[in-house]
Amino acid sequence: MTSPQFKELHRAYGFDEVAIVPGDLTINPDQTNIDFKVDNLTFSIPVIAAAMDAVTDTGFAIKMSKLGGLAVLNLEGIQTRYDNPEEILAEIAQAPGGEVTSLLQKVYSQPIKESLISQRIQEIKGGGAVCAVSVTPANTKRFAPVASEAQADILVVQSTVTTARHISKSYRGLIFSELCQSMSMPVIVGNCVNYSACLELMRTGICGVLVGVGPGAACTTREVLGVGVPQITATMDCAAARDTYFNESGRYVPIITDGGFRRGGEVCKAVAAGADAVMLGSIFAQAKEAPGRGYHWGMSHPHPALPRGTRIEVGTTGSLEQILFGPTSVTDGSQNLVGALRTAMGVCGASTIKEMHQAKIVIAPAITTEGKFWQLSKL
Amino acid sequence: MTSPQFKELHRAYGFDEVAIVPGDLTINPDQTNIDFKVDNLTFSIPVIAAAMDAVTDTGFAIKMSKLGGLAVLNLEGIQTRYDNPEEILAEIAQAPGGEVTSLLQKVYSQPIKESLISQRIQEIKGGGAVCAVSVTPANTKRFAPVASEAQADILVVQSTVTTARHISKSYRGLIFSELCQSMSMPVIVGNCVNYSACLELMRTGICGVLVGVGPGAACTTREVLGVGVPQITATMDCAAARDTYFNESGRYVPIITDGGFRRGGEVCKAVAAGADAVMLGSIFAQAKEAPGRGYHWGMSHPHPALPRGTRIEVGTTGSLEQILFGPTSVTDGSQNLVGALRTAMGVCGASTIKEMHQAKIVIAPAITTEGKFWQLSKL
Amino acid sequence: MTSPQFKELHRAYGFDEVAIVPGDLTINPDQTNIDFKVDNLTFSIPVIAAAMDAVTDTGFAIKMSKLGGLAVLNLEGIQTRYDNPEEILAEIAQAPGGEVTSLLQKVYSQPIKESLISQRIQEIKGGGAVCAVSVTPANTKRFAPVASEAQADILVVQSTVTTARHISKSYRGLIFSELCQSMSMPVIVGNCVNYSACLELMRTGICGVLVGVGPGAACTTREVLGVGVPQITATMDCAAARDTYFNESGRYVPIITDGGFRRGGEVCKAVAAGADAVMLGSIFAQAKEAPGRGYHWGMSHPHPALPRGTRIEVGTTGSLEQILFGPTSVTDGSQNLVGALRTAMGVCGASTIKEMHQAKIVIAPAITTEGKFWQLSKL
Amino acid sequence: MTSPQFKELHRAYGFDEVAIVPGDLTINPDQTNIDFKVDNLTFSIPVIAAAMDAVTDTGFAIKMSKLGGLAVLNLEGIQTRYDNPEEILAEIAQAPGGEVTSLLQKVYSQPIKESLISQRIQEIKGGGAVCAVSVTPANTKRFAPVASEAQADILVVQSTVTTARHISKSYRGLIFSELCQSMSMPVIVGNCVNYSACLELMRTGICGVLVGVGPGAACTTREVLGVGVPQITATMDCAAARDTYFNESGRYVPIITDGGFRRGGEVCKAVAAGADAVMLGSIFAQAKEAPGRGYHWGMSHPHPALPRGTRIEVGTTGSLEQILFGPTSVTDGSQNLVGALRTAMGVCGASTIKEMHQAKIVIAPAITTEGKFWQLSKL
């Protein structure tokens, strides 16, 4: 007897399972244009620092803006709970491994101060930077007006999974179309990993979508909840939604692949898979300027009842400028990310990010790649 | 010359090879209903403790029932062979690794006492709990009436593989339709991994099917016999049988995925694959209340001629209540299983177990998942 | 531009990538019949010891025959080059790892003595055993008549790859149809891994085919030559050839899967994939009776110019009888192989080897199988 | 809602994922012909030493030519930057791991001397060898005439990815059709991994294509840029281009698989996948005659801003002659590469390289291959 199919299973792919195929034409890296646009704002590099407390503080945001990118400040993290966040950050970095989750649960149980929200935004704006801030959907109605009044430039509404429709007893679901109309600044929403959910979000009028559930280095969502889609497939599905939406509306809403990056190669793959920009966490946590002091942890980590994360020791490897632009003597791809992207675009003959979306990708699992004999034998 | 095909091979998937895709709609976890029904009995959580001696004794069964779930007492294990099982359990926990299989073979060669069957059932019932007990098919005719008389609430007939038709010289095959008619309590049968065998079992009138051959942490059936089907595919095939049977009979027979669980993520995946409930062994062996004292072993392990199992040291990580409901500072997904299930249902927009059966699943091998750089590099 | 396909690639599967699916019917293991026939000879177990010097000597062959199976003596190995093979075997077992290949190259450069061929055969026959002997194709014309005269019962003609057609300058290709007509004993030929080559071999009139190139534990053919087909696919393709040949000729020529076995589970899988019997090397090298003294090496290992093999330390784990029939306290599947096969046939409802050929197999990679958390984490 | 497909993903395969299937006919290895032709030059073995500084210097090139193969001297490496390259090579071999990339960046920043180009070519020619030299596309116009005047026999134009069309501000793109017409010696171009790019290159009139991007042991292009195609698929695609081009032009342009080889098995697989010859780096860096002194590094490694490579310690394992022809006591396939190729051709019944292109290949991942139990368990 043949078994009827209970449900269909499609294969999803992650960074380590694909490779970019060189083009029939090549182009010099210095002739590539990698501009990234959100609404009316243009950035000279398509790289965003994540709204994580080990990555972005006000100083980091200013530096990132000067280098042509963007950093997002978490309005529900340490920066807005503590007048002196440095003390807390030092304490987290020094905590023994076994105690860090309890400590984070305690640290993040302190109340958020609206006055600190305004203060942090003003510090960033005062440094001459574009200021992006993030809130969770549940707190958007409370904090978004504060951010708006403090003249933030971009509002990011972010949770593990955010959809256009949410059912809740405790608060009236956030209506993104209303939010977009009430805010003068562009709204980016995430995270999201599939075509239909992404398309629904875009139709609310938002200006960008964050793509990725569960891939981050500091995130254990996939282990704890079983939920997640590997980044290449997630990016390709959301890129398809972007193109569908562009065809129906004429409005181009960029997608930003968020999480799971360790090296320049993955930035290149995300763009080849359709990303307009990438959001990096753990790579930037390795910067000298990062507030994490060589450590990194996820924003679901401090959850009081179901923590999903690990604090990982990423080390401090170089300056933010080196990580982005080199020069470097590091050969593992963790520095000169922008150089890597331009070089990959060069061998694919892509002069813009949109042309790079046309690059061919093959499925080629890293684990079976030839030539890595010596490296593998050391495992 | 083209080779004619000797037999067709289909791909089967296990927990580590799939991930759940978030929905287009989300729902607050506290608005999910995760009730599980067997015949006329309703449990507030779809979680069952396995009929294994390292997991369920009378005290554990009472606690599990109070917390809303169910535990199954093995009527052919240590509890019914020894008046004082604590001594034996302590001996097993203290045995050196090299001697444990011989010890188990000896321990399980002691005769089962019918008086102890009655006594253990009465202890559980006396604690105010729903009492489920398990027997093997070969011993069902002998022990089921004893259990029935002692007023057990659920009878589980379980062996590595149980089918509706068994050929034997030594005993007349057990006829499940006769068994169901002769028993006043509901009968659950297992284990089973494929559509047609599951459908045949359901047609005998039983009230539940255990799904899974060979996946358990303490089981080496797959190495020894080469037999087994990974749990996602096994669950999907048996879920299809359940739906076929419901369509032909109007009777909904729940399927219970049994074995191979290590973390909340797998509980969520089993339910998304079609399970109505899950049966856990090694996770519960880690509870403070578990009789295994930090150890776990399989029920095929003591086989005198062909032992299939290993005693594994699982450790003791928390109370049963913490494992089920948290709160926890453990971030690997081994605690707050119910919270994990409700949260996963929330991001899939599923308000009931049956709605969660509709969640989309993708094939996404854990081993190639991005972002786990630091963890993998430690392997 | 779409790339035209240079050649088509099909997927081949090995033991670790598949699992047997239980049947809709089960049967008691003691009611299974596992007879194996070669021409007019019947063996009560479908298990053959390989023609390797670490496995089969005269004593081992006699013991194996008494237990119902068959062992093949290598007529071009140590037993027929040395009057006192024990000395040489001890020397090999004691050689340091770095020197063993050179030693083997030297040991196997000694000439083969025809008188020893006769003597060894007579020793085996004198022990009341069925006597099977192996020669390479290049030496068949020289040694087969000697073996025939000494009244061997089965002739095995074996090299890494043997086909019905061989082109050579140095000797006129062996014509198997002529060989079969000139010999009174049945001829088994190998090795072979694909449908068309197997079918051609069967059409020459031989009585059995050995299946497997490159899978053995002591063999590095796949690394050195890049040649090999994993055993499940090789077995299925040759089983298809056997069935085609049976349909065209009415003659049933058994196929014997040779190499790559480590545990009972693989014996069960080979039979489910279509094997009529299995030939084991490294598992039997672990027997107390094995001449290898806890070591094992391949017969391509001593090649003077291109050695393909490794001497591996397999240890001595039990008696041949225990390995075949148990009882055992070993739970990894390396003992009681016959019990494992009968049990697997039982859960598949197969009462004969031919019925077991009908068992369903699924693709289920061991590396991703759930539940092996603790084991894997120890890697 | 079904997601429209953003782009199609095809599976690509590497050496470790395939195996060669034996033929229906076998042939003695000594009856195989493995000649390789480039334009009017014929080599008796299809093996080329890479244009890498750890592999080819003038002495190595002379030896390689005497043995029937070809070695390519890098005209932009240490040999043409330093009068006394031995000193520099010793310094690299002695540098601590942490300092080697900086050292290489410094070493390769010294200017190339045209006089040394002429001198090295004359040294090779003076040794009676065929002289092949390599340049990058950017420097071809400058160095090719120098090489031509010094009477080099073959010009290799090589960069990570080379296409028939390159867009650059800093230099007018190299036009290969003009180059081929202006040079009296044959031109080989690389690297290339796909059908259409390879076909375009062949149409310019070149005499050979190097196949492979990112697979080499000393190369981290795939990690840094995300770019690369595994070698079996790359070879098959370029072989298809070669056949298309032959059909349209009547000119047979050989393809040379370059990079990722560790053992003879891979040489055999590359040829079975369609390669006319192979180019080896790290295997030859292990030769006693290799200038690398037991070390190997990639030619993208010294890049000043984005180094892509690692220096690996390959050790010194034997003479070049042993590596190519044996005899050997090494059983891992790293020696007697030519013997391995002839033996593999023998079991496939292929008497020429072109017949070996017809051999059947199956997908058979090494990691799941049976029989490697002991080896794997040592990982």
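Chains: A, B, C and D, in written order; residue numbering restarts at 1 for each.
As a convention for this text, contacts are C-beta pairs under 8 Å (C-beta built on N, C-alpha and C of every residue); 3 or more make two chains touch, one makes a residue touch a chain.
It should be emphasised that the depicted structure is a prediction, and the values quoted were computed from it without experimental measurement.
Participant: Within the chain touch network, how many edges lie on the shortest path between chain B and chain D?
Facilitator: Graph distance in the chain contact network comes out at 2.
Participant: Under the over-half criterion for shared residue numbers, do copies chain C and chain D use the same patch or different patches to meet?
Facilitator: different
Participant: Sort the other chains by how far their Cα centres are from that of chain A and give me the top one.
Facilitator: Here the answer is chain C, farthest from chain A.
Participant: Measuring from the mean C-alpha position of chain A to the mean C-alpha position of chain C, what distance in angstrom results?
Facilitator: That gives a centre separation of 55 Å.
Participant: Per the centroid of Cα atoms for each chain, what is the distance between chain A and chain D, given in Å?
Facilitator: 39
Participant: Please list all residues of chain D that touch 2 or more other chains.
Facilitator: Each of 15, 194, 196, 266, 366-367, 379 in chain D touches at least two other chains.
Participant: Chain contact topology under the given definition, line, ring, star, complete or other?
Facilitator: Ring.
Participant: If I apply the definition of touch given earlier, which pairs of chains qualify?
Facilitator: Touching chain pairs, listed by label, are A-B, A-D, B-C, C-D.
Participant: In their complex, what parts of chain C are in touch with chain D?
Facilitator: Of all residues in chain C, those touching chain D are 1-7, 9-12, 14-17, 101-102, 105, 160-170, 192-194, 196-197, 200, 213-217, 219-220, 222-231, 233, 259-262, 266, 282, 301, 304-310, 312-314, 365-367, 379.
Participant: Within the complex, which stretch of chain D touches chain C?
Facilitator: Residues of chain D touching chain C: 13, 15, 18-28, 30-31, 194-196, 199, 236-237, 239-241, 243-244, 263-269, 272-274, 326-333, 336, 339-340, 343-344, 347-349, 351, 360-364, 366-375, 379.
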